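Presented below are the structures under discussion, each in the form of structure tokens.
Look at the two complexes coming up: subunit A is in both, with subunit B in one and subunit C in the other.
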Partner chain A sequence: MKNVMSNKFVITLYTLPALLLILVLIYIPITLSGYYGLMDWDGIGEMKFIGLENYVTLVQDKVFWTSTWHSFQLAIFSAASLLLYLGISLVLASKIKGSDLLRKIYLIPMLLSSVAIAQLWMKIFDPNNGMANKLLEMFGMENTPLWLADPNIALYSIFIPVIWQYAGFYILIYYAALKNVPDEVIEAAKIDGANALQIAFRIKLPLISGVFKVTIMLAVVGSLKYFDLIYVMTGGGPNGASEVMASYMYKEAFKLNNFGYGSAIGFGLLVICLVMTWLTSKLTKSNDDVQF
Partner chain B sequence: MSKVSTQLVTTNHSVPETTKKSYLNKIGFGFLYLILGLFAIIQIYPLIWLVFFSLKNNQEVFGMSPFSLPQNPHWENYTRAWTSGNIGVYFFNSVWITILSVALTTILASFVTFAVTRMYWKLSGLVLGLFLVAYMIPLHSTIIPLFNMYNNVNLIDSPVSIVLSYTTFNLPLTIMILLGFYRTFPREIEEAAVMDGCSVHRIFFQITLPMTVPVLSTTAIINMIYNWNEFVFVNTFISSDKWKTLTVGINNFVGQYLTDWGAIGATLVISIVPILLTFLFLSNKIVEGMAAGSVKG
Partner chain C sequence: MKKKAFTTLLSLALMGGLVLGGCSSSGKSEDSSKSNSDKTVVKMMHLWPEGSAKAQYTIVDDIIKTYEKEHPDIDIQTEILANEQYKEKIKVLSASNELPDIGITWAAGYMKPFVEGNMFTPLDDIAQEDKFVAGTLDAFSVDEKPYALPLELNIAPVYYNKEIFKKYDLEVPKTYDEFLKVVKTLADKGVTPITLGNKDRWTGSMWYMYLADRIGGPETLNKAINRTGSFEDPALVKAAEEISKLVDMDAFVKGFNGLSNDEAKGYFMNEQAAMYIMGTWELPNYTTSPDVDQKFKDKVGYFKFPTYEGGKGNIDSFVGGPGVALFVSEQSKVKDEAKEFVSYLVEEWGKRSVVEAGVIPATTVDTTGSDLAQMYIDILNDLGKATNITLYADVQMSAGVADVHLNQIQALFGGQSSPKEFTKKQEEALASEK
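Coming up: the complex of A and B.
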């Protein structure tokens, strides 16, 4: 039995193709990204080794840190909005009629491409004919905002479609987790006289805290590398007002042909993402000990 | 309600209290429903609005309220969107690239998961670890080196680069979902087959693979949605119109129109209809796949 199932040739045959793909197309590029960061290179001509110059520039680059701050704002905002989704899921999972349908309606935006979402919301935010401003006018607002064209609010305007896109996804996860809480536990609590709020906060939420931690990680890391919607809607503009790490990297490399510096930004993005993954898991883990 | 009425008969004292409570309950429930319903409207109304303006002409878009219904549906917006651009080509590219990549990812991921969970070898933990760690790596950090690598082997502006990228970057998530299924799945049947002198290939293709069809279809649908919607790879690696997929194609195409809202709307609707149709018929599978993929990650 062991002989057949430990046939080295078969094992190699089954794992090597996939392994080669991830090594060549994920691990090698990641390593190269750090290496290219040491070069002065326009993407076409010769690479010139310049040591740590790009990284030194990066650390002092105001635009990079502003972009990083924008990415972090998105991360904080996404993590905070998880509480809203959690609230909705609690209601949705409390044996309410039509919860299945509602949950699926919530999920629809998540299925659309970022391009479709971006183009649609550019129309919604259109200062003259868009839905957003017409709605505000209906409520009596006179100086309606310019949304994506206003450097002060461009970044925050983009947060709205981001929420719209991901809400259903997180609600789906919380709903599934809440449905996994055994009925007996809740029945027992009811018999002991616990009310709906107590059941929610003392029983259901602690029981799904593991899932909540996973979603915090997903939201934070997903936000830090967020790109598509911002690239299509504003391209990081106006004047860098909505630039995030990934869009700044893309601009440097593919618009300005600074492949060396772009790679350094990309490597910075990787490091920040990995550090935040580690930090989030560390922070949410220590919570475990505090719990009852 | 029936509870209240039985109590009416039995204990007169508690009547006011229980009815009051049930009224409060009803108001509370009504309020919660209102919030849930409002949230559903927020999620769905932008899309309805999109369909509306895809059927309007410019006079209606610029001269009338954005909330008005289209007066005479201008279906010619759709014919214009379909014929004046390359939408047909983009659509076809999206279809075959998506299908090919999903097929490759599914089969390669099945091979790996089978080898890791069913076969005995020393490095299996390490190999699995490599796939799982790859899930954490932001694909944006790989894009500049990938561009250069593809460029060196003349795969820039070739659909091969897209199929390879899609296949590879979906492997970690797919393996993760499959792993959950394989680990809970009894291996007695496979062991019995070994006793009967079955070869590994026959076990894999004739026993394991057919048994995993339910989870394979889940991962296939999730991969399909990701590939269909993918933007960065195509935007970076493909420059000629004949290989662009729908996302990048419509993005450039819509950019040219600017003020023709009807055609823009029609183009966007065409691009999202396949996904919405899939959702209509396979919503349970999609919901299942999305939950599985995230929670296990």
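Coming up: the complex of A and C.
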């Protein structure tokens, strides 16, 4: 076995399928989209090479920067909501009654497809017959909000289902990590007289900090390229109020037939994601990784 | 990793299936072309598959069979694809100069690249203008020459709920002032006067276009778009001001900017709103559709958009647009035969499409002696009298400008753009295009 694995040829052979797939499905399309970004192309006719013009337009494009800001708001918001998920997992992981059932309930939204979630929440947000406004009316509110129709709150209205959608995923990750904290450490702390809060903050949280860092990265990058709920619920509207980078890219490329410019936006999105990934890993880096 | 590879493999297999499926269908049509070598073969592509559009399919199929009987030397071969695939395939075929002799196209903005690329042949020699409803041929004309003959036509009347009108003692408005009174009465009583799904944006555009038409006459908006006029024309600003006024009166359903057309339609169908502007493709819902309660159908009526006092437009002008049309390829080797069949098909289609498929043809229809639902007869009569049909603004414009127009419609209705800004932004977009 050892012999086989040290054979360079065999290593190449075994990794070749994966390498080919990743090249064909990921790296080549990325390079191509960067290349298309140099073209004036409507997706059907002939391509015309226009150099960096698309990228120059991109840097000066106000709509692009507004959508970027929207994406960043979502990223900040998702990162903050991680704390909420963490709190819930801490409660669930301590042996309370019914935590098994609750965990399953939190996981359900993850099993629904995004489009189904979007449809569900569009019904909830319906300004006249929707559940949200009916509830508010029940409490005596008169000027109930317009939710998705109001450009000032449309984006934030979509954040609500986004938290709801991803709750199960992050709670599951945290729950698993918390369950991995060895019992001996906690028992030792108890013998030393630590209370539940101290155990949570001084022992459990530091021990799962590695997982926490990974989830921050996932949340930030996931938010930056977020597309589905926004596309179905508002399509980026009203009047661009909830446009994010990915929905803007889609609109330019497929609705307005600017494939060249759409590719340039896609490439810009990639660069921003890479920078943010590097930045988050840099910011959350610490040398005192705990071993247990 | 194993799992991932497996899913990739699966999706590759799926993709392979798609590719193979695509091959097999095109292979079939080539086989059949060999068998009739002594006849003149005219190839035609259309988008009504037997499965999903049986009524249309049968009409076309019948027409072809009769035509072939009358012209034994002609063999018409059809290739049928559903809407989206059809659009894809036409693009690919035109890129490789292999368009069928006869095919189907959409109006103005969609058709323009094909005409500019010299793909379609002008049909001015077979187009008989008096047979078509006024304005429909124009939508398929470039430089005064028609490049396709329209088959379908939709106009947008104002549908209203007779019962709600009766309950509040309201009359069908003939003038815009009467219309405003209707809106005010309903709004004061807490009834939603108009339902509008402005998330889709073209829906609000219809309201704006009607006002622009009634105030400035049909030419003003068209001229602004084709650049012989300006979008900052006082009539167009005035129309935008009227929209803001309507919004301030709470004329439209709450949250209209977040509702899709289908959601907005629900308010009308559930009798939560009194009025609704939509294309005549909605007619089956108010007449023949078995899924809708007869009681509701009896309550629905329609009226023409009221006239504006001092405005230049008249009540018989409609906002609307033709659906699909037939083109003849410039590359075709059997142009004359193809043209002859096209004019035959358009005529026969006009006789049968309403009765058999509920599709209003672009040719004028003789309704005497048919057992159509009354609402169809009324609409068809109004169409016969129509002085003008203004094509949907977003269809007239190129994709980029249309997006500005539609966004500005949403902003105007939502109050983020003032009427002045609304017209200015569109003027800028139109001006910068040339």
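The criterion applied here is as follows: the second predicted complex is superposed on the first by the 266 of 292 C-alpha atoms of A that agree within 3 Å, B and C clash if a C-alpha of one lies under 4 Å from a C-alpha of the other, contacts with A are read in each partner's own complex, and residues count from 1 in each chain.
What we mean here is this: a residue touches a chain if its C-beta (ideal position, glycine included) is under 8 Å from a C-beta of that chain, and two chains touch if they have at least 3 such contacts.
Quick caveat, the model's predicted, so the values are computed rather than measured.
Enquirer: Touching A:18 in the superposition: subunit B (first), subunit C (second), both, neither?
Expert: Both subunit B and subunit C are touched by A:18.
Enquirer: Looking at A:131, would you say it contacts subunit B, subunit C, both, or neither? Reply first, second, both or neither.
Expert: First partner only.
Enquirer: Name the contact category of A:149: first (subunit B only), second (subunit C only), both, or neither.
Expert: second
Enquirer: Touch test for A:36: subunit B only (first), subunit C only (second), both, or neither?
Expert: It touches subunit B, and subunit C stays clear.
Enquirer: Quick one: is A:116 in contact with subunit B, with subunit C, with both, or with neither? Answer first, second, both or neither.
Expert: In the superposed model, A:116 contacts subunit B only, not subunit C.
Enquirer: For A:235, select first, second, both or neither according to whether it touches subunit B, subunit C, the two together, or no partner.
Expert: Once the two structures are laid over each other on A, A:235 reaches subunit C alone.
Enquirer: Quick one: subunit B or subunit C, who's touching more of subunit A?
Expert: B
Enquirer: Just checking: does A:275 make contact with subunit B only, subunit C only, both, or neither of them? Give me first, second, both or neither.
Expert: Touch partners of A:275: none, neither subunit B nor subunit C.
Enquirer: Which partner does A:80 contact after superposing on A: first (subunit B), second (subunit C), both, neither?
Expert: neither
Enquirer: Could you pull out which residues of subunit A sit against subunit B in one structure and against subunit C in the other?
Expert: 17-18, 21, 25, 128-129
Enquirer: Using the touch rule from the top, collect the residues of subunit A that touch subunit C in their complex.
Expert: Per the touch definition, subunit A meets subunit C at residues 17-18, 21, 25, 44-45, 122, 125-129, 146-151, 154, 234-235, 237-240, 251, 255-258.
Enquirer: Which of the residues in subunit C end up touching subunit A in this complex?
Expert: Per the touch definition, subunit C meets subunit A at residues 1, 5, 8, 91, 95, 113, 117, 192, 198-199, 201, 253-259, 263, 267, 272, 399-400, 403, 407-408, 410-411, 414, 416.
Enquirer: Mind pulling up the subunit B residues that touch subunit A in the complex?
Expert: Touching subunit A from subunit B are residues 32-33, 35-37, 39-40, 42-44, 46-47, 49-50, 53, 61-62, 65-67, 108-109, 111-112, 114-116, 118-121, 127, 130-131, 134, 136-149, 164-165, 167-169, 171-172, 191, 194-195, 199-201, 204, 225, 228-232, 236, 246-248, 250-251, 254, 261, 264-265, 268, 271-272, 275-276, 279, 283, 286-287, 290-291, 294-295, 297.
Enquirer: Touching residues of subunit A toward subunit B in the complex: what are they?
Expert: Residue list for subunit A touching subunit B: 1-2, 4-8, 10-11, 13-15, 17-19, 21-30, 32-33, 36, 43, 88, 91-92, 96, 102-116, 119-121, 123-124, 128-131, 134, 164, 167-169, 172-173, 176-177, 211, 214-215, 218, 221, 224-225, 227-228, 232, 246, 249-250, 253-254, 259, 262-263, 266-267, 269-270, 273-274, 277.
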